[in-house]
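Working notes for the structure below.
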Amino acid sequence: MKKIKVGVAGYGTIGQRLADGVAMQGDMELVGVADLAPTLAIQALRERDMIGANGVKYDLYLVEGADKAQFDQLDIPVAGSFEDLIGKVDIMLDSAPGGVGAKNKVLYEKMGRKAVFQGGEKNAVADVFFHGYANYEKGLGANYLKLTSCNTTGLIRAVDALDRAVGVSKVAITIIRRVADPGDYHRGLTNALQIDKAPSHQAVDLMTIMPHVEATGILVHTPVTHGHIITVLASGRDGKKITREQALACFEAHPRIRVVSIDEGFKGNASLFKYARDLGNRRGDMYEIGLWKDSIVESGNDIMFAINIPQESVTIPETMDAIRAAMEMQPDRESGTSATNGYLGIGKFKKH
Amino acid sequence: MKKIKVGVAGYGTIGQRLADGVAMQGDMELVGVADLAPTLAIQALRERDMIGANGVKYDLYLVEGADKAQFDQLDIPVAGSFEDLIGKVDIMLDSAPGGVGAKNKVLYEKMGRKAVFQGGEKNAVADVFFHGYANYEKGLGANYLKLTSCNTTGLIRAVDALDRAVGVSKVAITIIRRVADPGDYHRGLTNALQIDKAPSHQAVDLMTIMPHVEATGILVHTPVTHGHIITVLASGRDGKKITREQALACFEAHPRIRVVSIDEGFKGNASLFKYARDLGNRRGDMYEIGLWKDSIVESGNDIMFAINIPQESVTIPETMDAIRAAMEMQPDRESGTSATNGYLGIGKFKKH
Amino acid sequence: MKKIKVGVAGYGTIGQRLADGVAMQGDMELVGVADLAPTLAIQALRERDMIGANGVKYDLYLVEGADKAQFDQLDIPVAGSFEDLIGKVDIMLDSAPGGVGAKNKVLYEKMGRKAVFQGGEKNAVADVFFHGYANYEKGLGANYLKLTSCNTTGLIRAVDALDRAVGVSKVAITIIRRVADPGDYHRGLTNALQIDKAPSHQAVDLMTIMPHVEATGILVHTPVTHGHIITVLASGRDGKKITREQALACFEAHPRIRVVSIDEGFKGNASLFKYARDLGNRRGDMYEIGLWKDSIVESGNDIMFAINIPQESVTIPETMDAIRAAMEMQPDRESGTSATNGYLGIGKFKKH
Amino acid sequence: MKKIKVGVAGYGTIGQRLADGVAMQGDMELVGVADLAPTLAIQALRERDMIGANGVKYDLYLVEGADKAQFDQLDIPVAGSFEDLIGKVDIMLDSAPGGVGAKNKVLYEKMGRKAVFQGGEKNAVADVFFHGYANYEKGLGANYLKLTSCNTTGLIRAVDALDRAVGVSKVAITIIRRVADPGDYHRGLTNALQIDKAPSHQAVDLMTIMPHVEATGILVHTPVTHGHIITVLASGRDGKKITREQALACFEAHPRIRVVSIDEGFKGNASLFKYARDLGNRRGDMYEIGLWKDSIVESGNDIMFAINIPQESVTIPETMDAIRAAMEMQPDRESGTSATNGYLGIGKFKKH
């Protein structure tokens, strides 16, 4: 089988994980990653002799404006230019800083390459606003796809699961947002909750992906780094009741939802981060969202529950799905997401 | 007019503020406060020559088990025993640690004195579970009342206002809880969100006070100290729509609700704490809950909004209301809460 | 006695407290405060009918570029222009944002008015870099003085006290810095310590004020809001030993140093903030630095100890001292600082 | 070569990492790990089919009091009892909760097995208080060794390096302590610094290991999770000056010290945690302490600098050293620590 050739633009928090994700797909080949400066992420790659996940070598390409002398000085090998990388791939994953992806797209178009953009870009950059479980088929053969952001990706996993099982007409969400990633000194909040104007963009984005659902919500930033928590109040279609049992059943059946409980010791977002480290997962990452079994409560006919979003890694599986859809590697949602899950080891724990 | 004589048991975070609250009521007299040990709160009172709010002298009485020698050594004047205090008052405010109030009640009953307990006690300690705005009349002439907890007190202010204006049948809440008060080293959470089993007790308590409303909710602890934020999704009676305008109007009319906006600079719970300090409020406290105008959004026929609960001081006005009801100082909700508001300076800002 | 007329430029965190400080000095008159925009601090003043500390009315003057219509819309009374204010005063306290003070100075010079600048300005703005206890006499009659920053002000209190008592030749400090004030959403750090390049500017500043002492130090930012903690290692002159008893004695004798202990319940910076609130201090402020008795340890001939800096209010007393020196209200350190302490109620607790 | 057989008692934060460390030593065999309950750490191991670091299977043994039915219910395979494990090993690494190690020692003695205890046990539990670099030879052939705690281990690395290079007579330290590990909900501090009584035990412990050095220090807890920062002021022997260049040279030569700089992007403890994750290190761990090049400053004849202690993993290399010393696998410090470093991949980055 010929492997799909993939490049990654931007080797930051998401880009590193996208590269790892591709390196783990047996039917894809990571051609290389591109960046501008010898950041600590790239110095870390150098320290490991450019070997990334799964023993794969990550070749480094430089985008326009990069100063190669800086890389030489740090003894970081450079494989070529950004155009060189694009020329060698079937599809680019663009995780450049917000706004840069739109500029990169000009290159992708000129060179006739497909691309998947991350949530930081405007929707207009892409033909399809994509989610592996909610609208895989829309991405089939598309040239330019944009992924939902981390919160929206995880949220849609749960709402889509519920919708397919019992029908959802309306959701109201409260996002308790982690304000920065571990080690991110650019953002920060100290002893304060910060509220955004409602409705949150995540609710609006959900409606773009799932137009038959009415969504609104409020977002509050909190001074923590290990995962967002979202509470969701979902109403059934035509006022139909959604029971706790129905909700739990569909969550437990979903490969990318990890149903946990406080009694087991999952006390909050930090427990899930710790568990991912205890699993020995690379970077202490987790691909699944957490869903607290003991948070599921009925509110009249509606159902309420809380999920945990591992912000750094949650979009990686859906981005792999996006490659599969764009390159028509698998014809439908079921086969596409299954292939991704298999290579990433997602859902194995469900057997227990 | 003869002033109602009031004593306070327990001079901790709440007790200090209850004493201040009573000292500010023109128709009440603070007879004294009782405690067990020469805590920092009492040492601070000593440093101020036992002068509290409004220039009132706070006499200190010792509960059973207190070691008077410790007080003598620190040169802290003692006015008598707990029984001495009870004997001199018409009504006790009990803010002893959770569970101690139930024991104190034996004394109150023996000595024929009324009492108002704080939220930490079990409901069974009291005849009436009380909220100044939601059920003032139930408290009229009652001997033993228990206040709602801080979150529930603030939450009910908003839900009761909405209910009286447009009718509410159901609420689903998400409590983003501050985990400790400033300077509380006994509690603490570091870089973690912590979730409780649903439903939250605040939702359950709301139903006890407002039995015609169905309530549920999820509570998440966050590592901050300056106020809880609660998001509320409220459904109208018989499926009737509640509009943004209706909600805003009833919140703006409520003396104990401070409607604020992000654009003014109220970015979160810490902004409200800072504003209370900028107001020069004693201890940097605020009696009103905050309600973000720009958080109010419609969700189908339901209305969603976010409130801020100043946990240390929010129950003080409703406790003053409880004294008024128990002592039948004012015959109804309107006159009772108005008297409290007048003495505490609540709602004056509404004029602007 | 004719009162010295004082104006305050910039009504932010420091400016509010400077105005309060002046309002409490029996021999000074607060003519007014100046600012650019109707900030929350000014809206809070408006809500209190422009009444500040000590029952004093704070007249508001607008600096150049202010939009008076914004103030009118919020019903905030305006007393005149910045020049109007300057024209009415003997001396200005400038707590404008860093850099603006240097521009304001042009006006002060033009109008022949003295001024005291805060730590955010460059040293060159002033004739004297001033500390009430360390170099009061240098400020006598000076036209332009600059205060030390909050950390340096508190640090010098302790080091100067030790130096006068036993002689200090060298200090090495570690500043454990609070990263933002309560309610400051512009700064922030989440689950991270952040280190600055050494030596810290506070060590360098100390040497400017106390040139006979060699100082260096390392500063680490921490995600808290209630006071910096500094550990100080001080060496005696000519290698002479400083004993724990000597150090403790001179700290206990200092009016602006509050010697506390862990056993009393002062567990950290937040305990001191809580204690200031329990004292009923306006804004929950404290003028004294804290010094932990149980942190004082001998290191060979050197002495090591830890102090707590209440960053929002610590410079207020020394700024009052600066007015006294510049206006020659008192002829020397002893009488100048005593006058300030008396009006601010500092050191009264020492009697106990 | 016959491999040394090692068991690990207690599979918590340290125990997991000890097991990983042993699994990576080519001349050791991890016989198994022992614990009491099916904690999340053990459930994580189960989820990975009991495969730990380096592809090694971790057999699980149950200590007395364990309820095997709980393990069966979770489908967790059990290899035997604690005694079974002890019987199969040459040496035990005991990372049971503080105090339990002393009880376990009775078993070790009875069964004639050596053991290495972690810092939580009292010194009396062991014959030798051990540090791989500072006193390897003392551990040679010893039966019971106790490791220094995380802070002390990292601190001694730096002080011992300096001492061997230029001679150290005295150190004064300020420990800016992370208060909990990521995901540890048992400890916590919210918006507060907390000070301990001086001197810190780490200073006292340093003197036990390096009796020719006088040490004291102050410890302040901070609400963060990713590594302690310690500032060290070191004085040379006989008053001899230590220069910045001397200090830097000896730190750069040390395999377990990673010299970093703020300019490279290492802004604080969280940068080092992030870098370890970016390296792809298992659990995001780092074995080296960080040392900021730009924190090194001279203070008269003394030298001051700041180090970062990755609290979860820093003691692992020195514990491997302890096995080597106790089992006399290598005859001296140089060969013992080199063997550990080689297997753990420590110091490789020094080449660049």
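Here the chain labels run A, B, C and D in written order, and each chain numbers its own residues starting at 1.
The criterion applied here is as follows: a residue touches a chain if its C-beta (ideal position, glycine included) is under 8 Å from a C-beta of that chain, and two chains touch if they have at least 3 such contacts.
Predicted, not measured: the structure shown is a model, and the values here were computed from it.
K.L.:
Using direct touches as single steps, what is the fewest number of steps from subunit A over to subunit C?
P.N.:
The fewest steps needed to get from subunit A to subunit C is 1.
K.L.:
For subunit A and subunit B, let me know how many angstrom lie between their CA-based centres, rounded off.
P.N.:
Here the centre of subunit B sits 43 Å away from the centre of subunit A.
K.L.:
So how far apart, in whole Å, are subunit B and subunit C when each is placed at the average of its C-alpha atoms?
P.N.:
About 35 Å, centre to centre.
K.L.:
Rounded to a whole Å, what is the gap between the Cα centroids of subunit B and subunit D?
P.N.:
The separation of the two C-alpha centroids amounts to 48 Å.
K.L.:
Mind pulling the residue numbers of subunit C that touch at least two other chains?
P.N.:
Residues 182-185, 190-192, 194, 223-226, 267-268, 270 of subunit C touch two or more partner chains.
K.L.:
Name the shape of the chain contact graph, picking from line, ring, star, complete and other.
P.N.:
Its topology is that of a complete graph.
K.L.:
Within the complex, which stretch of subunit B touches subunit A?
P.N.:
170, 172, 174, 176, 178, 191-199, 214, 216-218, 220-227, 229, 231, 233, 235, 262, 267-270, 292, 294-300, 302, 304-306
K.L.:
How about subunit A: which of its residues touch subunit C in the complex?
P.N.:
Interface residues on subunit A, with respect to subunit C: 179-180, 182-185, 187-192, 194, 223-225.
K.L.:
In the complex, go through subunit C and note every residue touching subunit B.
P.N.:
Where subunit C meets subunit B, its residues are 16, 39-41, 43-48, 52-53, 74-75, 181-185, 190-191, 226, 264-268, 270-271, 273-275, 277-280, 282-284, 348-349, 352.
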